[in-house]
Amino acid sequence: MSALRITVWNEGVHESTKDPVGMDEYYPDGIHGALASGIGEQIPDATVRTALLSDPEHGLTEEVLADTDVLLWWGHKAHGQVDDAVVDRVQQHVLGGMGLLVLHSGHFSKIFTRLLGTTCSLSWRNAAEREAVWTVNPTHPIAEGVPNPLVIPEQETYGELFDIPAPDELIFISSFSGGEVFRSGVTFNRGRGRIFYFSPGDERYPVYNQPEIKRVIANGIRWAARPGVDRVAPKVSNPDRDWYL
Amino acid sequence: MSALRITVWNEGVHESTKDPVGMDEYYPDGIHGALASGIGEQIPDATVRTALLSDPEHGLTEEVLADTDVLLWWGHKAHGQVDDAVVDRVQQHVLGGMGLLVLHSGHFSKIFTRLLGTTCSLSWRNAAEREAVWTVNPTHPIAEGVPNPLVIPEQETYGELFDIPAPDELIFISSFSGGEVFRSGVTFNRGRGRIFYFSPGDERYPVYNQPEIKRVIANGIRWAARPGVDRVAPKVSNPDRDWYL
Amino acid sequence: MSALRITVWNEGVHESTKDPVGMDEYYPDGIHGALASGIGEQIPDATVRTALLSDPEHGLTEEVLADTDVLLWWGHKAHGQVDDAVVDRVQQHVLGGMGLLVLHSGHFSKIFTRLLGTTCSLSWRNAAEREAVWTVNPTHPIAEGVPNPLVIPEQETYGELFDIPAPDELIFISSFSGGEVFRSGVTFNRGRGRIFYFSPGDERYPVYNQPEIKRVIANGIRWAARPGVDRVAPKVSNPDRDWYL
Amino acid sequence: MSALRITVWNEGVHESTKDPVGMDEYYPDGIHGALASGIGEQIPDATVRTALLSDPEHGLTEEVLADTDVLLWWGHKAHGQVDDAVVDRVQQHVLGGMGLLVLHSGHFSKIFTRLLGTTCSLSWRNAAEREAVWTVNPTHPIAEGVPNPLVIPEQETYGELFDIPAPDELIFISSFSGGEVFRSGVTFNRGRGRIFYFSPGDERYPVYNQPEIKRVIANGIRWAARPGVDRVAPKVSNPDRDWYL
C-alpha cells in the first residue's frame, strides 16, 4: 500500500487565544501538531499535513482533499465560522471514500452533524475526572493493541445521552469517576466513506500525548483509509433491463 | 391510546399538471387522498389531515407539526421547491419524537437526505415490472399481517446501490422482474423520532390502492407514532457530579 | 390485547439453601416471588405463573410453554442441572415467537448461551458498588418512563468484556463505582422471538423490589410479548417458481 | 503479514457417491479442490490444506485448527455425521479468533447453527435460475473489486426467509429469475472470531470456477483472518477494584 496521506484539521482558536494558559507546555505545536506528531510515530511512512480554520478555504481546498486519504477534525469554539461551502466539499469527499476521524468536541462540528443528521448533543462536565475506555468489540482493528481499559488520568467528562444514530460499530465505552458512561469510540459508514468518532482529547489535558491514545488514532486512520477507491460519491443511475440476459 | 394524528404531505405536482394522464382515474383525490383514505380504512379512529407544497408554509406550520404524531412524505418533481425553513422545522419535530414515513421518490427529499446525511441515490427504471416485497424481519410490527411475498403487478423499478446508512432495521427486500433488488422497507431512529422508508408507490401505478400496501403503511404509522413523548429534541446538558453520591 | 401470560422461572437454589442468610427478609417469597409480585403491580391484568428447577420438567412442560407469552429466566448456581431436553423445548418456543427475559446471572444459562452462540462470559466483582443504568436508546419502548440514570445503591459489579454478539438494540449501559461499564440492557431477535437481557438483580441485594426496576421488567415483557404469533419456528420450504405469475 | 494458513473442509459425499453425475468434469478434484485452487490463484502465498469428513477426526484435530487462520466449510448431505466433539472444538477456535467461511448448504451445518442459535432455514428450489449478486455495502473489503451485480448464469435458488440473526454486516443481496431474494453475503462476529456466510456454490453448477466468485472468497478470507490474535475465547474474570485508583 502506498504511503497514507493524512490531513489534520484544527480550528486553532485555543492556540491563538492562549486559552487555556499553559496549553503550550504540553501542546507546544498546538493540538494539530501533537496529533501530527503522534501519527508520525505510529505510521512512519504516512504523509501528514495540517490545516487551520485561518488558512485560505480553511486549508481544505479541492486539491488538498483530493490528496487526502484520511482527514482528522478537531474543533470546539468556532464551529459556526466554518464555511458551508467547505463543509459541502468535505461531505462530498467523505461520501466518495475519504476517511474522517472526528475528535472530542468535534461532535458539534458542521461536518459531523451534517453526516449524521442528529443534534449530536451530549452531557458534559469539566472536573478533571478519570476516564476508563473499555473495549466492547474485540474483533475490530481499531481495538488492536489497545489496553482494556485504557485509563486517562484526567479528562473532561462526556456522558449519555449522546444523540447520534445507532453506530455501525460500537468499539469503546468510557466511564468517568463521576459515574457517567459514554460511547467513546463509534464508527459510521456513509456513502463510500468511513467515519470514526473518538471522544478523548481536550485542550485542558495532554491526552493526545498518551501512547495508547496515539495507537487508537493510528488504528482509526488505517481502518478509515481507502486509498484504492476512486473518489466519487454514489450517483443515481438508470440502467436498461438487458444487462443480465 | 388517544386517536393518532396523521398528516399526509404531498407535493401535488403530478395532480396539478395532470401528468401522467389518467392518474385521476386511480387517484381521483390525488396521491395524498389515496393515502389518507387507506389510513382511514386501516386506523378508523385516526385523525387524518393532508398538506400540499402549494399551501402556505407547505401546510406544515409549527401548529400543524405540533399536532401531528406521524407525518407521511410523498414528493418527486419539486424537492428543490421545499423551503429550507420548513425542512428545519420538520427535522426538529422528528428529532423531538414525531414519526416520519417517507414514501417512494421521497428518498430524494430534503428532509430525508438531511436526516440521513448521504445522497440517498439509487438505480431506477420505469418498465412496469413486477415487484415482489419479501419480509426478512418477521418479528417486526411493520411486517404483521403482511403476505410474504407481497406482490405488486406493475411498479417502477428501484435497485441497489441505495446510498443510505445501514438501517437500524431491515424489514423488506424487493426483487423486480428485471433482476434488481432493493431494500424497500427500512427503519431509522433519529433523536427521539422514528423513521420508516417504504419504496413502493409511484404516480403511474395504483399501488396505494392495494390492500396489502395500505396494511404496511398503517403498520408503519402505528410503529412510528410516539404520542406520549414531549416534543423536544435531545439537548446538551451540564450536570454537576453530585446527583448520585 | 388479551391478558399476557407470564412464566417466571427461577432455579430456586439460593432460596432452598438459605444462602445468602437474610435473603428471606427482602425476598420472603423468593426471587421468583419478588419478580411475580412486581409484574402483578405493573401489569395488573397479566396472568403470572412461577416455575422452579425442582418442579417436574423444571415446570416447563410443553403445555406450560404453549401457554406462555413471555418467559423470565433467573439462574445462578445450577445452570448445569437444567435438562438439555427442556432447553431444546424452550429454544423452539423462543424461535417460534415466545418472548424471553434473561436476568442477571442468567447470562451463563444454557438457554441464553444456546441462543447466542458465544461464551456470554463477563467480568464481575461483588463489592456492593453503586450501579448507574443509563439509557442510550430513548426511542425504545423498554426505556419508557425509566429515569436516566436509574441508580441502584448497591449491586454486584458486572463489567466488559461481555462476550455476546452485537445486540440488535443497545438500550442501557451501566457504570459502577469501581469504574467498570456494562451493556446492561440489550435485545436480540432470534427466529420469531424477542429476547431481552437485563443485568441488574442479584440474590444479595433487593434490586427487584425497586420500582424503577419493576418498570423496566414490565416494559421488557410488553415489548417481548407477541400474543398474535402462531408458535412455529421458521421452517425450510421448497416452493415452485410460479407463485407470482 | 506472514502467509495465511487456510483449511478447506468438505464433507466429500457428492464426490464419493458420484452424485451428481458429471460433477467430476467441472470439479475434477472435488469441491474442496476447486476452492483450494481458487484460493491459490487469488492468494498465492497462502498455505492451503484440505480436510474431509472421512478423515480421522474429520481432519480437524486440535493441531490442524491451531495451525489454521481461516476455515472454509462446505457440507450438504452429511451434517448429522459431524462429530459433536469436533463441532465443540471448531466453535472454541472461532470464539478464540479463527476465521470461518460457511458456504452455500453449510447454512444447515452444526457449526453454523451452533454459532448463530437459530434454525438457519431458508426457502430453496433447484431450477437452474440466474442469480444476480448485488453489493449493498460498498465500503466493505469483501466487496472490493466485485462487479455489481455479479451474475451467475445457473444456480440453485435460495430465498427468504433466511432464519439467521440480523447480521453484523449485510454485504450482498441476490435475486433469482424466479423472483426470490436472499441475503447472500453476511458477516457475524462471535467472540474474537469473524464469520462470513456466502450462499453461491452448489454441487450441480461450476460456480466456484467463476473468477468473480474466487475473488469474493479470497476477500472473505483476508477479512476473516486474524493472524495476530492469540487463540483464546473470552473468559470470565474477577478483577479487584484497585486497578485505576
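Order of writing sets the labels: A, B, C and D. Residues in every chain begin at 1.
Convention: contacts are C-beta pairs under 8 Å (C-beta built on N, C-alpha and C of every residue); 3 or more make two chains touch, one makes a residue touch a chain.
Which chain is which protein? Per UniProt: A, B, C, D = Trehalose utilization protein ThuA.
Not measured: the values here are computed from a predicted model.
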item	value
Partner chains that chain A and chain D have in common	B, C
Angle of rotation relating chain C to chain D [CA atoms, steps of 5 degrees]	180
Which of B-C and B-D has more C-beta pairs touching across its chains	B-D
Cα-centroid distance, chain A relative to chain B, in whole angstrom	33
Centre-of-Cα separation between chain D and chain B, whole angstrom	37
Touching two or more other chains - residues of chain D	130, 132, 137-138, 149, 159, 161, 166, 177, 179, 189, 191, 234, 243-244
Category of the chain touch graph - line, ring, star, complete, other	complete
Parts of chain C lying in touch with chain B, wherever the complex brings them together	97, 130, 132, 137-139, 144, 149, 151, 189, 191-194, 226, 228, 234, 243-244
Chain A-touching residues of chain C, taken from the complex the two chains share	130, 132, 134-138, 148-149, 159-162, 166, 169-170, 173-177, 179-181, 183
Chain A residues touching chain B - in the complex, by the definition given at the top	91, 95, 114-119, 121-125, 127, 129, 157, 159, 161, 163, 165-166, 168, 178-179, 188-191, 233-241, 243-244
